[in-house]
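Same chain, two partners: chain A is paired with chain B first, then with chain C.
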Partner chain A sequence: MSGERASFRRRQSLFRRVVLAVVLTFFTLPLLASLEFTLQGPGGTGHQLTTWTTLMDFGAIAKEYPDLKEGFLSSILLAIFTVIVMLILLVPTMTWVRLRLPGLTRTVEFLCLLPLTVPAIVLVVGLTPIYAWVNYLLGALTLWLGFAYVILVLPYAYRSIDTGLRAIDVKTLSEAARSLGAGWGTVMWRVVLPNLRTAVLSASFLSVALVLGEYTIASLFARKNLQVAMYLIGKSDAKISVAVGLASLGFAFVVLFGMSFVGTARKESR
Partner chain B sequence: MTSAAAARTGVAVELTDLRRSYGGVAALDGLTLHIEPGEFIALLGPSGCGKTTALRCLAGLEDPDSGTIEVGGRDVTAIPTNRRDMGMVFQAYSLFPHMTARQNVEFGLELRKQDKAARRERAAAMLDLVGLSAHADKFAHQMSGGQQQRVALARALAIEPQVLLLDEPLSALDAKVRTQLRDEIRRIQLDVGTTTLFVTHDQEEALAVADRVGVMRAGNLEQIAAPEELYTKPANAFVADFVGLTNRLTGTANGAHASVLGAPVALLPGSATSGSVEVLVRPEAIDIAPDPAGNATVVSASFLGAHAKVIATTDDGQRVAVQVDSDAVTSYRPGDRVRVRPQGDPALAVAKS
Partner chain C sequence: MSTHPTPRRALGGFRPSGALAGVIPFFAYTTVFLLIPTVVVVVGAFLDGAGRPTTANVAGLFEPAFTKALWQSIVLSAVTAVAGAAIGAVLAYAVSTGRPDGILKRFVTSLCGVLAQFGGVALAFAFMASFGGTGLLTVWLGTIGMAPSSPIWLYEWNKGLMLVYLYFQIPLMLIVFLPAVEGLRPQWREATATLGGTTWTYWSRVAAPILFPSFVGATLLLFTNAFSAYATAAALVSQASPLVPLQIASTFSSEVLLGRENIGKAMALAMVVIVAIVMAIYAWIDKRASRWMQR
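Our next item is the complex of A and B:
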């Protein structure tokens, strides 16, 4: 009886390992192939590090691939802009709905999840006339793509922040703070936000990852962000393009790792 | 911490004809309540009778549809919560999870722009008052429920509130901590002298702590009186039923007296005065004695610690609960014949339904 169970366990753990190996292979194989490609010598013979040394030399990159520099800077600015607008828009709204207008919860959730169902191309069609006005009123800056990106990141950010809000008793906490003399601003800043740290971090990270990887909208609006620049360079110098792709993936990974670390370090120090 | 009492003797509170309804259901139906300066009032009533709504209106967390709220002679009906100066302790745990006990207590003082040294001192004094000096640097998740509610009390009192509002602060705690903290709340309230409104559905809690207890039903006060008076002279059957256990015994009323189980019982004001009535007699106001020629048969006898309870059925089929001394419990066994009769203490009679 117990022997049977033990052998079942063994089989189960073997199965688990096999699945894990398959999944890892599935994800890493293309990455490894890309890495190998960036290391190939001229004409596909031998191996060398020139692609990566070029990439590390920021001065040279900026001079040799101005598109890349521009795209990279745009994407960073866009990521920051998107996160800020998203947080300013979502956190107070969702808190307010939870506190004062619980009847609107479904509507807000529906609105926030809606972008998931709209393909980027369709979104662009709808956004074109709006951006005609944005460009006319605010100037034709790449940064204003951030408004469209806020819509794109809405579903993911909504989910994260919603989870965070569910984990605390916002109503009682804010009523306690208000009875102690806090206005709504103080309630948000001193009571709600500090308790949403993890949720805000994960919403921000998802947004950053999404913005850094966005291609369709930028390309259709003929704006140069990181992905568009990579595509452009890919036409003339595939190795650099692929190396930049790998590097941005690594960057995203480091950010994710760093953020999860910040989140847990805070908890333990409590 | 007597300095708070010295600095501030309590203020009077006046709720006048408060009405508040939720989608056609009246949570408050013309509630009028006067609280003396420094008085400790408990609002008692079954769940859903509007206790929390009354307290939240006073706190400014809920706006009454009509009626006025005066605190210290000033009309505060239109003043928002954060400028009402009310200390609140909630039923749900409400400490800010990202702050230590000390930081929680200092929060209100910080908003009042007190300097750091004064804040520290006040917070230390408040934590000392609730007996938690040793836990000042703990976070909510490192404290028990009782400790969290103590910190919440310290936090509410730190701002020297005009009125202290407590909404079932003990209902999430286990029985022993509950009585302990209940007595402590009373001690602290007497110490600081703050006018206090305490909401509960537990009659024992209300009777134990309050100067006066208001019994609520369906958005209104049924009776408000000192605990002894409420217990011995309930104004109506609802109050008599809700406050303490009571027997409903049939009798015949004749003016100021009724005859119950062959004995006379004085009737309280508000009683039915003629005909067949039900008289509400407390279990401790009934005499019981073993008697083979008695008028009832013992159903059960249970030991309850400080006292004991005997349940008997009279020959005319009425169930009577009687409180006896705990050492007398062994003289009653199921099936024994006994004689039960009311001692004659004033009781309330209602027309038989």
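Our next item is the complex of A and C:
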């Protein structure tokens, strides 16, 4: 019996290695090939680091590729804006609904998951008149794209924060704080929020990664963010834009990989 | 004073206290940036340029230009959903046989998370660079004598686009399907073996029926994912609009026929209807699938 079991284990581990090798090859080939592309010398001969040294040199980027600088900066600002609005909108509302208005749970959940069934391109069509008003009232800034991005990140952020809220007993915590004389502001800021650290962190990271990768809405509203700049530069200088694409994928990977450790560290400590 | 009881009943059991004020910002925000846009699309699909009701926009959906794009969108989404689901499911099973907290699983899930959700333009560029004139994969294909006759294949919806879409569908399948295969208990396999079943018995009689609803649900999710995708297609295809999202985008930039200003909204409505139907089936299957999981 134990011999059979060992041979089963061996077969299973062989199967795992073969499948992973094949699929990971499929995943990495285009990435490796585009890395090689960014290293190619002029005319496709020889290899050099010029593309990456240019990319590292922010002064040169700002001078030679103003679009890229503009797009990069607006994407960073948009990421910060989206995260702040998303947190202000979701954390107090979801906590409040849990504490005082449990009857609204389904409604809030429905609204938060609704964007999954509304493709971004459809959202753009519907948002056109809204943005006509936003641009009229607040001025035509790229930053206001953040309002739409909050909607895009709602489902992901909702799930993260919901998981976090399920893991703690908000009711007891807030009642304890209230009975000790804390106001609602103190309850949110000093009791609920610290307990939701991991959930808030993962919701924020997901939002940042999504905003940095967003193209549809920005391009159709003719605004320059990182992806739109990448696309524009791709027409004239493919190497730089492929390099920027690789760097952004690499950054998103590091964020997600790091997050996978944050999540389990919490589970173990509980 | 005497009017108090009425609003209480009207609100269906909520106490009209300060509590409701706490959720006003959330509802106001989602109304402005999510509900009103949806209403704009739905209502706009039935209005002409002057705001009068018309069915011309919806009738326009039956013209060959759009039906062709719709058909191609559906075929592209269905093919990449089924192929992506099959390959992704095998990958998910392979990952689930490894250590649950191992570095391999973290690595693969993070990589898949990036490829599935944050690719867009970057993925399209990676493929263009790989298969371009001096691209590494073109060179390699050339050395083994399999060089494609023309570089245009990458930009055709039923060749290159399918390959690139598959490149983000397989990772999404892993993310969606991994929890389901991780729900398979090793005890079930042992129980099958104890009762004299072979590996084939286990897969055909135990594992497959349990996984089937999750598999179908995940495939539907992949379908809507491909159907809604815009960035990758927009970055790859610069001429013509072979897919529905590209058709909608083209109504933004091009001059639209007189009286047909809202044709884009009708297209968007058609898209929402298809996605909503698929998602409704998904929700129904997911409910059935979750009965078997987490026991």
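Methods note: the second predicted complex is superposed on the first by the 251 of 270 C-alpha atoms of A that agree within 3 Å, B and C clash if a C-alpha of one lies under 4 Å from a C-alpha of the other, contacts with A are read in each partner's own complex, and residues count from 1 in each chain.
One rule holds in what follows: contacts are C-beta pairs under 8 Å (C-beta built on N, C-alpha and C of every residue); 3 or more make two chains touch, one makes a residue touch a chain.
As the structure is a prediction and not an experimental result, all values here were calculated from the model.
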| item | value |
| --- | --- |
| Touching partner for A:P194 - first (chain B), second (chain C), both, neither | first |
| A:A60 touches, of chain B and chain C: first, second, both or neither? | neither |
| Touching partner for A:A6 - first (chain B), second (chain C), both, neither | neither |
| Which of chain B and chain C A:L104 touches, first, second, both or neither | second |
| Partner with the higher number of touched chain A residues, chain C or chain B | C |
| Contacts of A:L14 with chain B and chain C, given as first, second, both or neither | neither |
| First, second, both or neither for A:A132, with chain B first and chain C second | neither |
| Which of chain B and chain C A:R178 touches, first, second, both or neither | first |
| Partner chain(s) touched by A:L141 [first = chain B, second = chain C, both, neither] | neither |
| Parts of chain A lying in touch with chain C, wherever the complex brings them together | 12-13, 15-16, 19-20, 23-24, 26-27, 29-34, 36-38, 40, 43-44, 89-90, 92-93, 96-97, 100-101, 103-104, 108, 111, 114-130, 147-148, 150-151, 154, 209-210, 212-216, 219-220, 227, 230-231, 234, 238, 241-242, 244-246, 248-249, 252-253, 256-257, 259-261, 264 |
| Residue ranges of chain C in contact with chain A within the complex | 12-14, 19-20, 22-23, 25-27, 29-30, 32-41, 44, 87, 90-91, 93-95, 97-98, 101, 104, 106-111, 113-115, 117-123, 125-130, 132-137, 167, 170-171, 224, 227-228, 230-231, 234-235, 245, 248-249, 252, 264-265, 268, 271-272, 275-276, 279 |
| In the complex, chain A residues that touch chain B | 168-169, 172-173, 175-183, 186, 190-191, 194-195, 197, 270 |
| Touch list for chain B against partner chain A, complex | 59, 61, 80-88, 90, 92-94, 96-98, 107-108, 111-112, 139, 141, 152, 155-156, 159, 165 |
